[in-house]
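Below you'll find a set of structures to go through.
Next come two complexes, and both contain chain A; in the first it sits with chain B, in the second with chain C.
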Partner chain A sequence: MTMNAPRLLRRSRPAGTVSGGAVPGGAPRPDAGPPPGVRVRDLTVVYKTPLGELPALGGVSLTIDPGTITGIVGESGSGKSTLALSLLNAVQPPGRIAGGSVEVDGLGDVLKLKGDELRGARGRHLGYVFQAAQNSLNPLKTVGKQLLDLGRSHGVDDLAALVRDARALLERMGLDGARVLDSHQHELSGGMRQRVGIMLALVLNARLAILDEPTTALDMITQATILRIVREVHKERGLTTLMVTHDIGVAAEVTDRLAVMYGGRVVEHGPTMDVLGAPSHPYTQGLIRAIPRLSGDPAEARALPGRPPTLGTLPTQGCVFRERCPLRMEVCETSAPLPVRREERTVACHAREPYASAAGRGEHA
Partner chain B sequence: MISGTGITKTYRQRGNVLGGRDVRALRGVDFSIPKGGAVSFIGESGCGKTTLGRIIAGLETYESGEIVIDGTPMSSLRPKRREAEFRKIQLIHQDPYSALNPTRTIHQTLEAPLALRARRTGRPSSWVDDRAEELLSLVGIDPGYVLGRYPHQLSGGMRQRVVIARALTVDPEMLVADESVSMIDVSMRLSVLALLKDLRERLGVSVLFITHDIATARYIGDEGELYVLYRGQVVERGLTESVISGPVHPYTQSLLSAIPVLHGLERPGRERVVPTEALDERHADSGCLFARRCPFRTERCTAELPELMRVEEPPIGGLAPLPEAPGAAPHEHACFHPVRRSVIPEEAA
Partner chain C sequence: MKLFATRDASPAGRGGRTGHTGSADDVGTADAPIAPDPAGRRAAGRAVRRRLAGHLVRGLAMIWVVTTISFVIIRNIPGNPVLGQYEALIERGMSPDQAQRATAALYGFLPTGSLWQQYVDYLKALLHLDLGQSLSTPGTEVTTLIAHAASWTILPVLGGTLLSFLLGVTLGVYAGIKRSGKLGDALAISGSLLHGVPQYVLGLLVLAIFTTLWPILPAGGPVDVEFTPGLNGPYLASLIQHATLPVLTYALASYGGWVLAMKSSVATVLGDDFILAAELRGLSRWVLFRYIARNAILPLFTILALSLGMLFGGAIFIERIFNYPGLGLLLVNSIGARDYALMGGTFLVTTVAVIVANIAADLLYAVIDPRVRTGGAA
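Let's turn to the complex of A and B:
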């Protein structure tokens, strides 16, 4: 099987060298349709623990419009990575998807897919860039060989074309495609590995890209470059992109829409500019005030009191944020607030029902 | 007061299939950290900031240069005495998860250094427990809650506070905090920074803050100084607010321009530069170390190596310099073409 790997990788090289910088690496293939939309409904994921099954996601509903870049932000334990894995139907034991649906245009309900169907969907429809692209590559194989493995496992007939596409994508991201395909992971820098991760996620022409903490552990300048590439590739290939991050700044820099998660729930969702400019949920407000910033009075920044809940400390009834909430009311103890949509913004908070869209402006202007 | 002059350090790599090479981690760095002061070292990974921090904490050797602690040059001391001097400087590790022994309770972790100290100074053994509780209260955690617990039972923020409490057991003059908030959740990051600021103010401990996230350097207190390191050289230094609001060196400008803009809350800086990614730095450079990445380079930059010089008066680039505090280090840079640029995000209207 692997006998012809070096030949395939070598054969593709002159072609790319001749076409030079004019490789249309950013463009999707002609058969690509419009970018897919995603509808997550009542998604519940539980983890088995010595204390019984505990919910990591407690009935999340989220609509992702086709062609947008949506940021999913939250602290550790907010359920953001679990949500991202659920979109691939890839939650591993001791986790279990207990209910709900994930509808992706052109695929149907991902949670109903099994076996070969599911394997085919991952890669061809759903591209996943792993949290530690630093560590998600095989240290024993060159990037090119891993690419061929990927092609074979997805039944790609024209492996030479796959290699050409991969080279074009890498070159689009500012790398020397031939050199990178010939390299082992230890020969690549963090920023280069992250780009290899993006290439492997998109090379089979996936149209829904899910990036899990794509810039964690990268330097500031490398981070800025990766974020620019994500934005450009998103546009050129006509993707729907989801970016999971703990860093609101990273999300602010690239996304159109922002979903803020806390304790396994989406507490606020709306256009990024609006959510940052006038946050409505008290958690979003607190989180934004807690960001160390370059401008403004340092004395105005405040840490949120308390700490994020873990699976074990998550309240079983009422609002998950009430322990740290300045607007806590009696009703918050007993009933979980439902997401309420007003125009472009969805907020789940008793104190904001019906919420005033300019509530946070005074404090943050 | 802790200062250093001309510190150099080279990591020698033995040859392998890729060929051996020496990595010049520090190329003659001068610094000075006043008593009770706050100094931040910033730069990308590989710029030498961590190596310098470890040298200052006495955990790493250096080839040439001199470190002076409270007027005593370290090279003049015998190893035993030198060790005692360096104990005044305590390092706080980046990763609060691996910095604590998982098989010891917090009480045991704090007890060991305190018991040693009690023996040396002839204090009664009851002092150990009292002091442990006192230190935990000082770093803002409830001793009753944490003393009997193991590290894995605590959150990242709490562990980092325990690490700080342990550093305080030897009554240090300075804490070296190496990326010590980067692994803590955003909502609690400021509280650890506020703690460092508080320790400065209440105990007069100076803080050396090492980070790649410049924004956090603003939060460890007033009159902080910033050193920007690039490939083992200080390329800019000055009061934190002065460097952030009017950076002169193109590398500092790139670093500041790379910080994400909170759109909706902020506008990008007017003179934001497009940062160039790190290049393969294996081959030797003549001239300015940043020249190959610099958008403003000229012929002179590739021929000559610029040294640190003062930001000239009248102000360059049309921006008025911030008033300098008396006695504070002046704003200096190592660039032949210094222009103050306003690159950081501005508050949106």
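Let's turn to the complex of A and C:
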């Protein structure tokens, strides 16, 4: 429906197609088609531990609509980064994808890609941006040389055009492109590094951008700049963007849709304003109550009781949240709640099930 | 160096550039030369020169300290050979004056006189690169002996070091990347084994295998005497034949250390974020391999430079086993003969070599690691 797969999977492309006709830093080539949608189905990821294989993702289903910025929020260990890595079929050992599928428009099931096909999809179709605090650049090479490595790895013939695109993209993000390309990682600030990370993720015209905590460890001003850039670049280049964050404020500012994760499951998913304004799942409600307000009494902020589960303490049956849940019922001990959709909102909670009686079960198809 | 600052400005534009003129204004600013760059390069040049000057001062100070220590020790150990010679000459019936002159002529300094005066004389001689004369081979300058021995040490030990470095590092990268595989395990075990076996055991094993069990190589000595030295085939062939076993032993003895060091260095780099980032950007396996190898090899360069400095200490056991007249053997012989002038000279050469290697390692590091070059740490 969007980009046609056989053409995109071809490895050596004629010169100039990668960046031909691009407006500097702006939209990709006009024939690029609409942004890709993503459908994650029953994704299960297990980690090998001394206690056996434990599930980090327990059958996650999530539909990311084309052209949206979807936020994934949750506490540490909720599986949000694992989910982000799964979209590139890049779960690191001792983790392993045990089942499910990740359909990306124009690519098919990413989990079925192997070898050079998978390598080609990473970078060219799937752009991954690391945490700013993580050193995502080779410390011994200039950004420009790493850009050329990227181009050569993906069989780009017109490297001059690639460099030109990279510079335009960097300048679009407010940097001196030529100078940044001649710099090593240690010569760049955190905010500059993050923009370089975004440039490297998008310069080959990847249309699905996956950002893992893109503003963590940046100061507030730089955070705001990066978020503005993410929003603008998303719009100009026609991307589908997935942003993992533990910062609900960041999510509220940037995302159109929000998925809340807990214990390796998506417990609530819907339009950001609805989810934050009228949270339905008791975990989401607790999460939002835990945020101190600028106006009003900071003591009103209530931390969620209990601790987030780890792989080892995750209940093997029933609802993963029941230990900390104020709405706990008998059925929660034995059966895991299925995601139920009503209108725009999907919630996985037994206590909320009557709410969905009209819509039926299952994620939006 | 500044690869990208001028790329678009070059008139020899590549294909695909046309049609871009419409947006020239947007990119135009970046075509202008970047002002701080030449200044930055000058500053970097100054930093390197300052670093070099600092090293030289420190190096000279260290050399001075070592010479002073060896001077004091040699003058104070029981059985001072210079005084011994002096007394022996008197016993043979020389007058003290004569004996003093004879001893002074032999060793280049007066054995009597104040220690301070002797020290000053010794340093003066040193400044003229005069290490005095050997006691065990009277009439021969220590420098001559050392130069001769060094020529027999440097090539074999250098060959052995470089061979083991290249082999160990290459296999070490592999062992690090495939560390959960069978081949990786095998390489690591080979490294541990060879690292654990003492040099002299390895030397004896090699000697037994290649000269007795399977006698294809000469057992000892630097070269067969029947050939005329010079650039002729038979002489060079004999030279190489004789050098093979010492080089092989030396390479085997140091190979294990390189494999293990490289393996652990690779394991560290593999855990770095930028490797995962490179993988997620879809970089080819060859590029990834280069990223890993180049980052992992950095700490090993320091060790390499230091072991090249230690090279001037010779390889005592190996040279002894193969009766190879290098610096190690020279040192052993000088100790056996209580030839203190020669000992002092050998120590001094080793010291200077290690210090120079240290400086070289540091400067080399600045070349291969951009973080050191600019003096900033990230």
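Just so it is clear, the second predicted complex is superposed on the first by the 329 of 365 C-alpha atoms of A that agree within 3 Å, B and C clash if a C-alpha of one lies under 4 Å from a C-alpha of the other, contacts with A are read in each partner's own complex, and residues count from 1 in each chain.
Here is the rule we use: a contact is a pair of C-beta atoms (placed from the backbone, for glycine too) under 8 Å apart; a residue touches a chain by one contact, two chains touch by 3 or more.
Note that the structure is a prediction, hence the values are computed from the model and not measured.
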{"item": "Partner chain(s) touched by A:Ser335 [first = chain B, second = chain C, both, neither]", "value": "neither"}
{"item": "First, second, both or neither for A:Pro298, with chain B first and chain C second", "value": "first"}
{"item": "Touching partner for A:Arg164 - first (chain B), second (chain C), both, neither", "value": "second"}
{"item": "First, second, both or neither for A:Glu75, with chain B first and chain C second", "value": "first"}
{"item": "Which of chain B and chain C A:Arg124 touches, first, second, both or neither", "value": "second"}
{"item": "Chain A - residues contacting chain C, complex", "value": "15-16, 20-21, 23-25, 88, 90, 92, 119-124, 128, 130, 134-142, 144-145, 149-150, 152-154, 158, 160-161, 163-164, 167-168, 171, 176-179, 181-182, 184-187, 197, 200-201"}
{"item": "Chain A-facing residues of chain B, complex", "value": "44-45, 155-158, 185-191, 193-194, 212-216, 218-219, 244, 254-266, 275-278, 344-348"}
{"item": "Complex interface listing, chain A residues touching chain B", "value": "75-76, 174, 189, 191, 219-225, 227, 246-250, 252-253, 272-278, 286-288, 290-296, 298, 301-304, 307-308, 364"}
{"item": "Residue ranges of chain C touching chain A (in the complex, touch as defined)", "value": "1-5, 7-8, 13-17, 19-20, 23, 26-27, 29-31, 34, 37, 272-274, 276-284, 287, 291, 294-295, 298, 368-371, 374, 376-378"}
